[in-house]
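Next, two complexes with subunit A in common: one pairs it with subunit B, the other with subunit C.
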Partner chain A sequence: MKTKVNKSAYGYLFISPFFIAYTVMGLVPILYTLYLSFTKWDGFTDPVFVGLANYERLLHDTFFYQTIGNTLIIWIFSIVPQLILALLLALILNEKFIRGKHFFRAVFYFPHIITPITLGVMFALMFDWQTGTINKLLMNAGLIQDPVHWFNSPWWSRIIAASVICWQYFGFNLIVFIAGMQSIPTEVFEAAQVDGATKKQVALRITLPLLRPVFLFTLITSVIGGLQLFDAPLMLGDGPGNSGRTMIMYLYETAFKAFDYSYGGAIAYGIFVIIMFFTAITTRATRMLKE
Partner chain B sequence: MKVQQIVVRGIIYLFLIAVAVTCLIPFYSMIITSTHTNTDIAQKLLLVPGDQLGENYKRLMASVNIWRGLANSVFVAVIATALDLYTASLVGYGFSKYNFRFKNGLFMVVLATMMVPGQLGIIGFYKLMDTFHMLDTYWPMILNGLSSAFGVFLIKQFADDSVPNELLESGRIDGYGELQIFHRIMLPLLSPALATYAIFCFIGKWNDFLTPMIVLFDNNKQTLPVMIASLRSQFTADFGAQYVGIVISVVPILVFFSAMSKRIISGVAAGAVKG
Partner chain C sequence: MKTKKWLSTLLAASLMVLLLAACGKGNGEGASSASPSPSGSGSAAPATQSAAPADLSGNLVVWTYFDQVKILAEQFMSKHPNVKVDVQVFPGDQYQTKLMTALQSGKNAPDIMDLDHGYIGKFLESPYLADLSAMGGEDLVKTYVPYVTAYGRSADGKLRAISDNSSPGGFWYVKETAKKYLGTDDPDQISAMVDSWDKVIELGKKVAQDSGGKVHLIQGASGLFDIEAFNTETWVKDGKLNIDPKWQETYATQLKIRSEGVDAKLGFMSSGWGSALNDGSVVLTSMPSWATFMIDNKDGKAKGKYGIAKTPEGWYNGGRWEAVYEKSPNKELAYEFLKFVASPEWQKYNLEKTGNMPGNAAVFDELQDTFKGEMYGDQLILKGFAEQMKNMPAREPNKYDDEILSKWVKVASQGIDNNTPYDDVVAAFKKEVKNTYPELKVE
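Up next, the complex of A and B:
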């Protein structure tokens, strides 16, 4: 019995690094940000307490509302094709007759490990209206007469940002879906084969329903990640009339470019509330789907 | 029926190849474009390599030392990953192999931290680093990841499933201390899980942009993503130099991935199923 007591004390010792590190590097900054959001602080002088002034400003800040809309639009434009493409390709690559499975998986996954910043710069260069490859390609193919000024159009700016994200993440989701499909017991498929089910029936009636938990989990986690879009859109720029500016870009520009740290803190908490709100909605919606 | 099947398979293969080409062609175009003069980049559709790579590279290096950025990134990512793996193993092991009060509750707290958006505390983090006199050093990037809930979760799962308690007991009978048991028995057994987590962790640190961007001021200390981001503003009209910078940041990863793709993908798949 003595060893048991010993063991439990050691348990706390082993898990303590996480709690110490999270308190110092996670929790304290989060609470400190909350405190700063009630002050006026420019980074040089001492913070001055101003109460709810920053939050009042936030509630009337049309730029902030615009970034919420932009982020949601870019997120939806990237998540919908991304999940459809990943699911379709996962179903195909799960078929026995396909050759070179590993090659295709590797190629599809490759964009995911490239730094988002690099991808952002790459797409900005590709869609540059004077020197970009995309315009050259379209003009040589005779599809357009004059170069398209992509980043001068609010919708093209958003669509390009969304396509970078989609292009980068569909391969990752593909790997997740394939892993999910492979964890379905083979007996189920064998039973279906014995019953004479067609491939279409197997996909629609067995694979997809059994994959649903994985799919819903991906969707819910993508809300938290997707609403924090930052790196790649930052490289593509704000777009005309700030139409390509995401919430985190606004936070970054306010705090670290305009040095309005305290208002940045209020924006950070605004973003937090919005992300929690949409996560709750998605969780709610998927729960309803399950029933 | 037979003909129909061939047609269907042909279409499926065409689709797979089309998507694969879409994945690779931007990188091909980058490499090709980086070997041409700025005039050619502005005027022509470039499909074959040119001979201007050296010139573009010289102009790039004249104002941005991109290899220094690469070295800085490797340095930070390796140290941060090593420390992160070590603490995640300590914590994962503690949760897996010891019994103590509030264990489940504390583990729920660990998982709950995954739901908190990473950018929420960024301003307080900056101020805190300022207070610790850690601005313009690598400490913020290294210390930042020491509380990875995902790593703890992954390692706890692995230890639960694949490390028998008898092995640890036998260590106790041999008179090992608890830390010795962890170092001599546990860590070697955890290596498959550590290999999986190391991939996630390294990619995450390698891609980190916001933290180095705000805490580092000295250009020579910057990591690769920040240097790449600065290309846009430093070489506004010099597209050749920008393309070379992108190529330098992509090619090492391309080589690394070609060599390790099987491992990386099975690691990602294993991590995804656990998560």
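Up next, the complex of A and C:
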């Protein structure tokens, strides 16, 4: 007997809004960018087909390679302290005896609500060479004699960019970690307590291992997000010798400041390949860890 | 059952319509409903004569990045009550991209657009700007400051954009501070004290010494970039990168300014720069006239507080030009608007209201012996600028200059901070230019 599946055509109608929106807002621009990357186009004249010339240029572009390095450095400098901080605070805030947990959770989450542009401007002002608060504080405390020109040092530029991102996202990761901790069955903790395990042992032997899936989740999402760093670093500037310029900043400067849309398109696809590569690595690592 | 199905279909369909409507929002709003102006529809009326108030009617859409254009539109509308001018302000970087997209697609494009000094070059060579010369525009700019007109011409010599402002630069100073550290607040005396960069450095050393290093003579060594920007040759000549030797001299001066403690190391328009301009913690601020909007003059706080002295070299910075969209259905009416922009009537009003310096030299001539700004006491501020403006070399815009200058500023500023030798700065600069503009020859 044949089972009859009801294939009403209305179903397609109901799911169509998403697909239409995606085609118009997502797919068409993506494909158009691909088309542009094979042309020479300044936004005014008609695009001229140039084949792979833009990609050839990209392969020899040392500035582009530099931005990949910058992005990775900034990402690592932000993700490592961010996860450590989030994890430590999550462990503390998950304790029963802490008062005002909800208050602290909310406070730590606040930076995540602020737009990165605002944070970027704020940090740029704080670390300003002549008028920044940080320099004023350090000078008043007698720690330094002359103001430090933070953004004239490649490493400080990167560290400041990284700390903006770290500060913005640790609260989000904190919430994710707390959620993960609360999903660990209480029986496990009770059993440990009965066996006389210390707090440290509980944290290291039970909480952390059981948090592994949550860790992986944050890591994967942060790879994709971290490689697309843009708004906050943009507000902080290119840094000395372009040492603070990220991949997407370079894309922005090429396409929307120098109005070389076609080469901008090629950069976009270059970035796409790089992100795919790192995502693949993370996925592979995840699979290995699970086994 | 049937009705239910019908209802759900309707619901889904209406959701889709809503979604698509949201996507396409604004597609129609710019297409101004045009009732062509009866007076402008032919070239019957002589171009220089403004049409009688009641003659003009219709709607105009103006795109700009500058808020004060609203004042211009209000004045125009009060003169021509039957015309409605819709000023749409898009601040920041997005403006240029938005404008390019609108012009290229031809949809939602404005009748009149504002173009900044920084990027007007490439717009002038595009097919989107109406030829104002053919509409009688040459008569409007007969008495103009030469460099202002030159910057609105395309390579074929046709006038395509008109500006209501020139942007002369000078040293602004708080009189009290000047008196304290320079011994005088008289603009002519101060101008004479700083009429060469060597004198600036010597005077700067003295100010730093007298104040114990707390007060500086000028805001930043980077101010020299703006002053020299149009006192040097263009950056691109015959498809080749051209570095005017004057930049080497300027760079040496900048290094000296920095090492002798002459400048407060503040960048133009940075927050520290703004406070120094207002509280007088730096003696001289080099800036173009339009930057006076940074002066806090609430409740007449800055009344008589400032003076303006001449910089070692005359200069200007920035400026805003207005052009008519070639395919605008309201071209004639838009031209009437530009006529108003170019008129001494508006530029006088603008000068008094906002302090923006006129582009029409006739206004300079007429008012230079009488005009005093509220913030400047008895100083005849136009007089100081009149000669400077008329004598500035007229320069043709090109599509590279602004972006290449900004690269030079970026690289050379880092050089000043690190005391880098000139040759290293040039090498880094060439690398940047070559990377962004592979089509240019860089030697």
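The working rule: the second predicted complex is superposed on the first by the 282 of 291 C-alpha atoms of A that agree within 3 Å, B and C clash if a C-alpha of one lies under 4 Å from a C-alpha of the other, contacts with A are read in each partner's own complex, and residues count from 1 in each chain.
Quick note on the criterion: a residue touches a chain if its C-beta (ideal position, glycine included) is under 8 Å from a C-beta of that chain, and two chains touch if they have at least 3 such contacts.
No experiment lies behind these values; they were computed from the predicted model shown.
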item: Fit or clash - subunit C, subunit B, common subunit A; value: clash
item: Contacts of A:110 with subunit B and subunit C, given as first, second, both or neither; value: first
item: Subunit B versus subunit C as contact partner of A:152, first or second or both or neither; value: second
item: First (subunit B), second (subunit C), both or neither touched by A:97; value: first
item: Touching partner for A:28 - first (subunit B), second (subunit C), both, neither; value: first
item: Touching partner for A:130 - first (subunit B), second (subunit C), both, neither; value: both
item: Subunit A residues touched - subunit C or subunit B, whichever exceeds; value: B
item: Partner chain in contact with A:265 - subunit B first, subunit C second, else both or neither; value: first
item: Partner chain in contact with A:201 - subunit B first, subunit C second, else both or neither; value: neither
item: Touching partner for A:235 - first (subunit B), second (subunit C), both, neither; value: first
item: Partner chain(s) touched by A:17 [first = subunit B, second = subunit C, both, neither]; value: both
item: Overlapping segment of subunit B (options 110-118, 236-244 or 254-262) - the one that collides with subunit C in the superposed model; value: 236-244
item: Subunit A positions touched by subunit B in one structure and by subunit C in the second; value: 10, 13-14, 17, 21, 24-25, 125, 128, 130-131, 256
item: Contact set on subunit A toward subunit C in their complex; value: 10, 13-14, 16-17, 20-21, 24-25, 42-44, 57, 61-63, 125, 128-131, 149, 152, 238, 240-241, 254, 256-260
item: In the complex with subunit A, residue positions of subunit B that touch it; value: 9, 12, 15-16, 19-20, 22-24, 26, 29-30, 33, 41-42, 44-46, 87, 90-91, 93-95, 98-101, 103, 106, 110, 113, 115-128, 143-144, 146-147, 149, 152, 172, 178, 182, 203, 206-207, 209-210, 213-214, 224-226, 228-229, 231-232, 239, 242-243, 246, 249-250, 253-254, 257, 261-262, 264-265, 268-270, 272-273, 275
item: Subunit C - residues contacting subunit A, complex; value: 5, 8-9, 12-13, 15-16, 19-20, 23, 93, 97, 100, 104, 122, 125-126, 264-266, 270-272, 275, 403, 410, 414, 417-418, 428, 435-438
item: Subunit B contact footprint on subunit A (complex, rising order); value: 3-4, 7-15, 17-19, 21-22, 24-36, 85, 89, 92-93, 97-98, 102, 104-111, 113-118, 121-126, 128, 130-131, 133, 136-137, 139-140, 167, 171-172, 175-176, 178-180, 183, 217, 224, 227-228, 230-231, 234-235, 248, 251-252, 255-256, 261, 264-265, 268-269, 271-272, 275, 279
